[in-house]
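Input: a single structure, listed below in structure tokens.
As written, the chains take the letters A, B, C and D, and residue 1 is the first residue of each chain.
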Amino acid sequence: MTENPEYNNWGRWGAEDERGTANLLTGEVVARACRVPTQGRVYNLGIQLRQGAPIAGRRISPVHLMSSDGGDYAALGREDWGTADDYLFLASGGTTHIDALSHLWYGGRMFNGFSFREVRSSGAARCGIEKVGGLLTRGHVLDFVDVQTERAGLIGSADIAAYVRTRGLDIRPGDALLFRTGWMEAALTESLHGRAFPVVDLDAAGWIAEHDIAVVGADNQAVEAVAGRGVLPPLHQVLLRDLGVYLMELLVLAEPARDRVTTGLLIVAPLLITRGVNSPVNPLLVV
Amino acid sequence: MTENPEYNNWGRWGAEDERGTANLLTGEVVARACRVPTQGRVYNLGIQLRQGAPIAGRRISPVHLMSSDGGDYAALGREDWGTADDYLFLASGGTTHIDALSHLWYGGRMFNGFSFREVRSSGAARCGIEKVGGLLTRGHVLDFVDVQTERAGLIGSADIAAYVRTRGLDIRPGDALLFRTGWMEAALTESLHGRAFPVVDLDAAGWIAEHDIAVVGADNQAVEAVAGRGVLPPLHQVLLRDLGVYLMELLVLAEPARDRVTTGLLIVAPLLITRGVNSPVNPLLVV
Amino acid sequence: MTENPEYNNWGRWGAEDERGTANLLTGEVVARACRVPTQGRVYNLGIQLRQGAPIAGRRISPVHLMSSDGGDYAALGREDWGTADDYLFLASGGTTHIDALSHLWYGGRMFNGFSFREVRSSGAARCGIEKVGGLLTRGHVLDFVDVQTERAGLIGSADIAAYVRTRGLDIRPGDALLFRTGWMEAALTESLHGRAFPVVDLDAAGWIAEHDIAVVGADNQAVEAVAGRGVLPPLHQVLLRDLGVYLMELLVLAEPARDRVTTGLLIVAPLLITRGVNSPVNPLLVV
Amino acid sequence: MTENPEYNNWGRWGAEDERGTANLLTGEVVARACRVPTQGRVYNLGIQLRQGAPIAGRRISPVHLMSSDGGDYAALGREDWGTADDYLFLASGGTTHIDALSHLWYGGRMFNGFSFREVRSSGAARCGIEKVGGLLTRGHVLDFVDVQTERAGLIGSADIAAYVRTRGLDIRPGDALLFRTGWMEAALTESLHGRAFPVVDLDAAGWIAEHDIAVVGADNQAVEAVAGRGVLPPLHQVLLRDLGVYLMELLVLAEPARDRVTTGLLIVAPLLITRGVNSPVNPLLVV
């Protein structure tokens, strides 16, 4: 794939910018998003972190271990008081997570032209997740379970346009799209076998770019189809690297879908992992 | 310390409740908190996760390791494209974190009367952090740097009352108090040595209980004084265990303090660690 | 299962002993074992530590991560010099390992009568692996691949006796038995499916006890059949807890079997994990 | 430092060799080493793996966590039976360890001319520790505590020669030298402050090369002086990279020194970490 001159945000926020479409979340956009909730209902879009949870790719699921617990006090016959503490070992991308803009590159360059050589064992010296910080914006749930797409199983620009029009969604610059495909619910109930789920297709990039979407998430492993070895996922290329759009994977969207939520206040609060290329998150959607 | 009959929320939200003061964050409270921001300015209250960062107690600071990076591609002479991925190993309480209500107990019982025996190597079967989910409420910054307290170095009920009155803060049930003591800024600049910082005192529990505060945080290691070995921190006892109030530690409050922020929308989105007794968080304060 | 009065080494090496049959490895036994090798050929009986390697039970396979590597220097264009360093995260029992005597108990007591309450989140205060240290003894390879056992698939005392007699093995107190079943080779080549492999049966405990065997290992997950949930593996009970015999699992015995090795100098050098209940090891067999 | 034409083993064991001086440990050498022990006394030269143990450089000390323990059963009131299991997170070089030959390079090449580019996030494709396997050889304890060296604090070739001559040590190709400096005992008793300990100097490389020593270890952090940032330790360069000699650090030599052990059977059994650049070990010395 060659560079895409039409869909490109390099330089848009200055030559030193490492935050991409996070720049679209101006004070005005954030303040407006905060006015969306009327019921004050909070949806947690993260999956539980535990061994055996669904993961993306060949990563491992999180390992949770206790360094102190009630059992220790029980064993000592100290029935009175105590404290508990715990440790976590995880692949940052092995649970619900947000990709930093340093997660991927092509043509030797990540978003805004920074060299891939900035990403070493010490982490990403450019476009690390600690540069992003909390994101607040309007998030729209696009529920493609039981929606017929133009090309079977592939969600493209025309499908998004039709969906938005039919539901009367009000899309503005800086907004987030959260795609529900049904994959996560199947993964959590171990009923993936033999079933197919729609994925967001490269063709969707046009619509996303034209509407200045800032964040794209999905309830599956890679938003788009899981890439084979030796293949760089094409939608990731355009979104993360050309446009500086943030991707979130492994979302749980069953509850907002059940409640027929269309638009809410989306909050993503990445851990400020120094030079991190991903962060586990529990995104919130508030209506 | 004996049980405190005046300050106790056991049974208030039912015998099976595991969420404590998170119950105060009703739809109405959340919706009202979302109306606080007017500028749309977002403060990240988490510290960066990296080796050597300030920690609480004898925990270790987070270890961040890359499982794939640009260096790998450079070494292979594959200048074109690639992806980066990372791992994290951390003490859940060894960075900015929220305590689950299962973090501490006395009299053999944690919040709402659940047995400490529910907390084992498999984690907390009761009051685990995955039961809490995202918290949105109004958060007030109480900046006690350069404030004279009644008893030197100890922030008590009278001090909070005076602070609130003087600044004209509007405190309501479900609100959060975020204490700035100066400790974190000193820790981050390695200038802790030989200096003293105020701490929140057990005496503050009365004011907190009477005002139905839901979350108490501070920019230090334990909100209150760091307990010695064999001592259960007394304020933790009342807040976490008697009242079901959430505690957050190792906050960074320098920026909101610099901007003289008093009240904002506080957002805490714990990772849904199955049976976790803490979660690392990057709390957001939005004004 | 009730306690076994006939096969029991409690008190044999004193009331405070935490080393069990490691006591059989006297200077004389060790010196004699060192005289076994004549060719100086060294077999490594450990499997490789890597993600996806065969494991025992529901543990995870080891995760190996680099904190510094050549790629970093390549990315920096520093072609001259550099160093590499790495990290390891592992379930101590998730690769070739030796069980400490604190790994299992029944009747509320582990080997030599120590209470199970000595094993807490801080590890095993009694019978920890750091008390064991290096073990040197004569090790015999008992290759039961293609050997007909009395009861199909179960290796019992009579089978061992017959094997030893037929091959003319010279068994002495303190010796080690290393059972080859073929499981590991099938696991490493992913050909486990639909195949059955022999396991050492509880019935073997008698022969092991009567011959004062110090160490029993196998090329499978649990020496004996993998126990279901809620079942304490019966051979483990007698060997670890009643007799203080050490168990090693996930051995690779293909090479010594190929070379028809019968007896060699077995060397096990556990990491001195403070209060550890297992240790990963790369046991050596020297002939 | 430029390449050293006099002290160089590249190509000596073939162009594809990844084992360096491990090749000196022929069957004859191993068999002969096994004949050294007469008393059968086993010394464990590894330190205990625990948080807070002495480490090398800026690594972290090992973290040991329990995934199941007696406390869990005590908490459940299941006094009868149970099992314990544990996890380990460690910097491979953060405890007693052996360096793989891939640990260091200069002139763009590691031992035997392999490119430093072979060492990436996936580990060392060349000269990984899993290629080494168990090492058995004669090990000599050189106790330089209270020994006057020619240049104060620096152990050079003349010092080794004098030590060997005075004590009548019989040094042969493939042997190991284990230097005691007193550092470890001071570190373990927290009495390092203000004290100086001898280190092995670059000058020692000549003697080591001329005598075809296979393994060099010490009871300190780096055998030689700890290098500053931006400096490649010069003795490491010659030993690991030019000669393919293995280095071991953080040994505990107090006990063999106390017993005035001079020569024993040294056994090093690295974990077969796939592509590892170090391995934690508990080396054994048997007399």
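Definition applied: a residue touches a chain if its C-beta (ideal position, glycine included) is under 8 Å from a C-beta of that chain, and two chains touch if they have at least 3 such contacts.
The structure displayed is predicted, hence computed values, not measured ones.
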>> Counting residue numbers used by both copies over all numbers at the interface, does the chain A-chain C contact come out same (over half shared) or different (under half)?
In response: same
> So which has more C-beta pairs touching, C-D or B-C?
Replying inline: C-D
> Just curious, how far off is chain C from chain B if you go by their C-alpha centres, in Å?
Replying inline: 45
>> As a quick test, compute the distance in whole Å between the mean CA positions of chain C and chain D.
In response: 25
>> Where in chain C do residues touch at least two different other chains?
In response: 63, 65-67, 69-75, 87, 89, 116-122
>> Based on which chains touch which, is the overall arrangement a line, ring, star, complete graph, or other?
In response: complete
>> Show me the residue ranges of chain D that touch chain B in the complex, using the header's touch definition.
In response: 51, 58, 60, 63, 66-69, 71-72, 75-77, 89, 116-122
> What residues on chain B touch chain A, complex-wise?
Replying inline: 25-42, 44, 46-50, 59, 62, 64-67, 69-71, 73-74, 79-93, 95, 102-108, 115-124, 130, 133-134, 136, 232, 237, 265, 267, 269-278, 280-284, 286
> So in the complex, which bits of chain B are touching chain C?
Replying inline: 63, 65-67, 69-75, 87, 89, 121
